[in-house]
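Once you scroll down, you'll see the structures, which are given as structure tokens.
In the two assemblies presented below, subunit A is common to both, partnered first by subunit B and then by subunit C.
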Partner chain A sequence: MSTLHTVNKSPFERSSLASCLAHVAQGDAVLLIEDGVTGARRGSSFAEALHAKSPVCAIYILAPDLAARGMKAEDVIEGAKFVDYGGFVDLVAEKTRVVAWL
Partner chain B sequence: MRFGIVVNEGPYTHQASDSAYQFAKAVLARGHEIFRVFFYHDGVNNGTRYTVPPQDDRNLQKLWSELAETHKLDLVVCIAAAQRRGILDANEAKRQGKDGDNIAPGFRISGLGQLIEAGIQSDRLVTFGD
Partner chain C sequence: MSEQPSKKKFLYINRKAPYGTIYALESLEVVLIGAAFEQEVSLAFLDDGVFQLMEGQDTTGVGMKNFSKTYRALGDYEVRKFYVEKESLAERGLSVENLMPVTYEDEDDDYAEKPSIILVDRAEMAKVIAANDVILSF
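Coming up: the complex of A and B.
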């Protein structure tokens, strides 16, 4: 059983990303959406925590939300994967359940 | 696959309703089915037809109503959350002694049981909120 975790707030505003990363299991995926995409900024204090989880679970970023915030692929951590809304739907279908860290 | 969608935030305050709308469109574009969209807490504010945003801004209520009409979606507004926020249909307006109703086309007011049912009947339940 694998879970898709969605995080929609900046880790500098809420603790939802930290809580999420403390609960992910092998084979899960984390999708950063809305302000959550800022958590993946390269060089930020959360970049290392996210990177450390990459052997456990894949990190995805909703590309339209990243672009809406003026950020580009090279602004975020290495290894992160990008999806559009269609890819978001595919991730939901691929995993057995979804947890929104609100 | 059958999807249920929960929207916990109103339009224009947070991105949640925009995200949920874009997600719902993508679900349909992928050929999946949407069993129900349940509007809870401040999410009920998506369902008032008196929404009049500036003309160059998106009208989320209208977008939801149009999506519901095109794809025969079931948009359900939580009754307790709706009454607190002044969202009424004709029946509720009459029952509460109010002089008018404001529920938007394609939306209907019902109870939390509809959320539970959406959780049971859908293969995936995806929540958008603050």
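Coming up: the complex of A and C.
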């Protein structure tokens, strides 16, 4: 009965990621897509907040969006999992509901 | 007609202030559509979304339609739950007194007028989200 949360905006521009992390429940998943992937950058000011949530919910990153922005797997926080578009669909199918944090 | 098995609980999450973008108005339109299809509809207002419920909105100067009165009509469409997040109000220097009164008539209680606005904290809002089947974000 858990929720998939998607964040598609940069946390440096909008409060979407902060708001998302404030509303996740145990067992949920957070998927960073589009400009949302920038928040997962290692050493960024949101990396710690994201990492702190990892015991509560899994953090996923849409790999094509990360690659498009010139970042590699080793550039993001430890413990993040990577999915492609098929993996995105699997997450949607696996969870009970999806909340899009715009 | 008996209750349809396809009836679902819809939650509309509103996180944007009105007028600056089209989100708030579009959300209202979709809420009305959902209500017309006899789904169970409730609304959540968090972050800048709480500004949608401000009392005394006056759009004459900006030349846009003031759609704030529509929220007060939603009770007639059986949209009776407006979850408003306490922390979002406080962060913006607002309290529930700054919001317009939204009520509905309870047909099970001699049509008594009851408040639609339900103040919840962040943890409660997370539970509200988890209690719904379909989430639409605006």
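What we mean here is this: the second predicted complex is superposed on the first by the 102 of 102 C-alpha atoms of A that agree within 3 Å, B and C clash if a C-alpha of one lies under 4 Å from a C-alpha of the other, contacts with A are read in each partner's own complex, and residues count from 1 in each chain.
As a working rule, a residue touches a chain if its C-beta (ideal position, glycine included) is under 8 Å from a C-beta of that chain, and two chains touch if they have at least 3 such contacts.
Nothing here was measured: the structure is a model prediction, and the numbers come from that model.
With subunit A as the common reference, the superposed partners subunit B and subunit C fit together side by side.
Once the two complexes are overlaid on the shared chain, A:S15 sits against subunit C while remaining clear of subunit B.
In the superposed model, A:L102 lies in contact with both subunit B and subunit C.
In the superposition on chain A, contact is made by A:Y85 with subunit B only, not with subunit C.
Here the apex is the CA centre of subunit A, and the angle it makes with the centres of subunit B and subunit C after alignment on chain A is 60°, in steps of 10.
In the superposition on chain A, A:I33 contacts subunit B only, with no contact to subunit C.
Shared-chain residue A:A25: touches subunit C; no touch with subunit B.
Touch criterion met: A:T3 reaches subunit C, while subunit B stays clear of it.
Put simply, subunit B and subunit C get as close as 5 Å, counting only Cα atoms, in the superposed view. Within subunit A, the residues touched by subunit B in the first complex and by subunit C in the second are 97-98, 100, 102. On the subunit A side of its complex with subunit C, the touching residues are 1, 3, 15-16, 19, 22-25, 96-102.
By the touch criterion given at the top, residues 6, 8, 33-35, 64-65, 84-86, 88-90, 92-93, 97-98, 100, 102 of subunit A touch subunit B in their complex. Residues 1, 3, 8, 14-16, 19, 22-23, 25-27, 29-30, 32, 123-130 of subunit B touch subunit A in their complex. Remark: subunit C residues 13, 15-16, 23, 46-47, 122, 125-127, 129-130, 132-135, 137-138 touch subunit A in the complex.
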